[in-house]
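Per-chain residue numbering starts at 1, and chain names A, B, C and D are given in the order in which the chains are listed.
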Amino acid sequence: MNHWLEFFVHWASSLGLNYGFLLDAYPRSTLAQGALTTLWLCLLTIIGSLLTGLGLAALLTSGKRALAVPARVFIEVTRNTPTLVQLYCAFLVLNMLLNQAVGTANPLTPFAWVVIVISLHKGAFHAEALRAGIEAVPAVTLEAARSLAFSNRQLLWNVQLPLALRFALPSLINNLIDLVKMTAVASAIAVGDITYSAIMIWTQSDNVLELMILLLGFYGLLSFIVNCVGRYLEARLRMPGYGH
Amino acid sequence: MPSIESVVEPLVSLRDVHLAFAGNPVLKGINLDVYPGQAVSIIGPSGSGKSTILRCITGLLQPQRGQIRVADTRVDALTREAQRIELRKRVGFVFQQYNLFPHLSVLQNLMIAPRKVLGRNRIDAEKDARALLAKVRMEHKADAYPGQLSGGQQQRVAIARALTMRPQLILFDEVTSALDPETVGEVLTVIRELTQEGMTCVLVTHEMRFAEEISDVVYFTENGVIVEHGSAEQIFEHPANERTREFLRHALGAPARRGPIVSDPYLLTNLSRYSLSV
Amino acid sequence: MFERSPVTRLLPVMLGALISLAGTTAAHADATLDKIEQRHVLVVGVLLSGGPFGGIDPATQKPRGLNVDLAQELGRQLGAQVQLVPVLPANRVQFLQQGKVDLLIANMEWTPERGEILGSVPTPFYRVGGSAAVLKDSPIARWEDLKDQPVCTSQGSSYVKPLTEFGAQIKAFKSSSESLLALRGNNCVAAVHDATLINPLLADSAEWQGYRALTPELNPAPSVIWTRRGETDTQARLDPIVQELHRSGWLIEAQTRNHITPASPALVELQQKFQASGA
Amino acid sequence: MAIESVCMALLQWSPALIAGFGQNILISLLAIGLGTVLGLLVGMLALSPWRLLRLPARLWVQVFRNAPWLVLIYFTTYVFPFEIHVGSAYIPFPDWVKVTIGLALPASANVAEILRGAVASIPGTQWEAARSLAFSRWQIAVSIIMPQCLKRMLAPWMNLYAVVTMGTALASLVGVHDVIDTAQIASNTVNLTGFTVLVYLSLLVLFFAYCYPISRLTQRLERRYAFY
């Protein structure tokens, strides 16, 4: 392991990049810890955002105004304001108010707030994708299912949702790739993710460029993994003869 | 065919059925009877309400006025979805656009309704499905997906799918209109065999020669009313009404056919609202 | 739907292109004084985080505060036009090193570590140490009690190092604004900043009644005007100016004008010192 | 009394907030402008029949689409020089311009993708039809395909603009004095809980008021051009 690291540092220095700091235990462990935090953040927000998306999509397509309108308002506000501002509003403002209300019992950490805010944010995007998927299921296909005596529930689970998921999948995966990139804003509220770790290191020393390249590589790798998983799912759920 | 009207109750009967879409009258007093074992064709110009009649019979649409009876069921009086589901178990429907489920294989398309709706076990359902596929000469495509089949093949699968419910009656809604000319024949052959076996069928069709050949009774509709009805011979050889004559002159000359409609589910999501966020 | 294709295997190549675009940053040796005298421009990095040292005037949106007043006064005496560049604790050292700013008047205290990488005007213009805002009923009584506790501060603050030595878990924010809000959201047990920020806040604001300041001040150190390393000409040119500002009472007056409370005893001490030596 | 003073403070700070938001809008407009020009260029290269041109263009798109915007902004802010030496003149390269470039890079990658999507959505029969009329490849692209593409690109492009505008919020993290920075200074200066709540909410309101109409317009355009 260390041998490879030394080799890499040596190779990079021939390109004029000084990765010597990776040989120090402290910056290396800081970065590793940050990478781990980012991974956890991604994992939890992916799950959280998908659940939120499902819930919101259910509200949107419920056909009941009292449910659909608040969901729509939430989605529009979420889509049309910056995540950073949402994060500030939640972590700096809401958290402070919450603290004044319940005192020091407030269990929400910055990490938890990032998970909540990004889950809700991307959930709004998932909900849109799922709703579009549900609406893209041709009415005639539903009619066909009804003519085969399917009940509404059977229709939903056997025809509408499987088709909607397939239609929404490309959007959902794009959203998830976007989500991975978005976790970088966690650094703004001092969650020790990889971006924050990198900032902490470059404020102490002068290796911004090297750290940037490391960061871009790391996020690129994560997006690549999500992309691969997405492609695998798409291949599994492919409907031969349709689309790509 | 011997006349059995006096002995047997009609399987389907419509009396003075009126239906309007958003104030636009589509059906304006339809009367129609289908006796068990009969093949009934409904012909007429596009937009005359032919497909709407079929949708009313199976409860996909609810008329504003009039009576619809299928066996002992008063379709127009059904209020609950559960009751309509009971009706649909007995009435098959084949669509112009086939409407197979694109995410399921051919065999799964045939098994899903018997398994989920009728609660039959997998082995029986599969045995039945394979038998029906053989009947429509599609057994070699059991594991293919609808998107991989030609229009005629999909339509034959759709007919087999309707048959899996062992219906008392099958409704065919312009089933050849979306097909390439060369595949129309294979679908018509399947329908012809069904009528010969004594399956009660109602067809909406633009294939006049075919309607003439297989129908016991033909109804001519225009502008939401039945203009004329009678035996195939009567309607095609000696139409009483001037409108019928006019229609048949054109229709028999050049069979009306709409071009096949492409249905690519991905087309709708092209360039959809950009899903980026910061 | 856009196709997503495999990513970033060739990322370094792309970056290489960018780097060549970025070029090299030329750091001038002791060019600052030349620049001031030839171009008549003085670029000063100031910290504007809100508060008496640096903030903005809501009416005119102009920077204001002691940092700003001092920068303008230096410019006036050098006959140079002052360009103010707002800096963050996280980027101020880089800005100076890169040459983006010529001087830093940015609440940055003198520490030996900084003294190694930067140069500074020998005479300080202020003296300040760190203070921690903690809840009144908090068990924290001494700095050592912060061991293994989450502590909010700002990125690049001079208190990060001593706090790390106490074993505190640092949560560093972009500026004191977020850090203080995080304290009130109970995300840390203490927020550590300059005493000049913490003390007036706790003394004046009704909303901070539930909090107290931790004493004694952490690492009290002189606030100095920073230059690039080795720019002794600039330092020599500025030092008498700062001394004169002490002697004439300009700094004490500026402190009062900007409502910095409590008044620093260091300023009085320095005034007396220079008045004595100058007289 | 408390509410009154909070509202007074907000009133007092509102010109500063508006001015700060002006900075955000300026950045967003320049970034989308630069991004569009770059993106169309890269997009056309990516559609070129020559591998040598296509490959770097695809690479550009992949790198900048898959990098977090925040990291790109840090990148341009910290790695680019603060002034450019042209002859004897020093052209300053202020932070907000660097942020503009940092936003223009991912914007260009997305514009290139929008262009590709639009070209792909034009049925191949259009090319065939034009070719049968003896058009050259370039002529087809300019006079047949492009006009159809532009119409289709409008909605996603506007959506991208809204996203870029929201991306300007990240500028505050590298010390650009924008609306969020202003809000934080204000909150720190006024020091009243009520004011802090209000000033952060007003940030939400400002961005929403600017981006929501764009989003609505996008949706309307999309509905109009969804089918042909």
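Quick notes on this structure:
Please note the rule applied: a contact is a pair of C-beta atoms (placed from the backbone, for glycine too) under 8 Å apart; a residue touches a chain by one contact, two chains touch by 3 or more.
Here the structure is a predicted model, which is why all the values come from computation and not from measurement.
Here A is the chain whose Cα centre lies closest to the centre of all protein Cα atoms. Seen from the C-alpha centroid of chain A, the farthest chain centroid is that of B.
Ranking A-B and A-C by contacting C-beta pairs places A-B first. Rounded to a whole number, the gap between the C-alpha centres of chain A and chain B is 47 angstrom. Centre to centre, using the average C-alpha position, chain A and chain C are separated by 36 Å. For the pair chain B and chain C, the distance between C-alpha centroids works out to 81 Å.
Chain geometry summary: the mean Cα position of chain C and that of chain D are 33 Å apart. Counting partner chains per residue, chain B has residues 266, 268-270, 272-273, 276-278 touching two or more of them.
With touch defined as above, residues shared between interfaces to two or more other chains in chain C number as follows: 1-2, 6-8, 11, 15, 19, 90-91, 94, 174, 178, 181. Chain contacts: chain D has residues 63, 66, 69, 75, 78-79, 117, 166-167, 169-170, 172-173, 193, 196 touching two or more partner chains. Residue ranges of chain C in contact with chain D, taken from their complex: 1-2, 5-8, 10-11, 13-15, 18-19, 22-26, 48-51, 55-56, 58-59, 61, 86-88, 90-91, 94-95, 98-100, 174-178, 180-181, 201, 205, 207-208.
Against chain A, in their complex, chain D makes its touches with residues 63, 66-71, 74-75, 78-79, 162, 166-170, 172-173, 180, 193, 196-197, 200-201, 203-204, 207-208, 211-212, 215. Within the complex formed with chain A, the residues of chain B that make contact are 58, 60, 81-82, 85-89, 91-93, 95, 97, 99-103, 112-113, 116-117, 144-149, 158, 161-162, 165, 263-266, 268-269, 272-273, 275-278.
In the complex of the two chains, the chain A residues touching chain C come out as 15, 88, 91-93, 95-96, 98-100, 104, 106, 109-110, 170-171, 173-174, 177, 188-190, 199-200, 203, 206, 208-209, 212-213, 216-217, 220-221, 223-224, 227, 230-231. By the touch rule above, chain D contacts chain C in their complex via residues 12-13, 15-16, 19, 58-60, 62-63, 66, 75, 77-83, 85, 113, 116-117, 172-175, 177, 181-182, 184-189, 191-193, 196.
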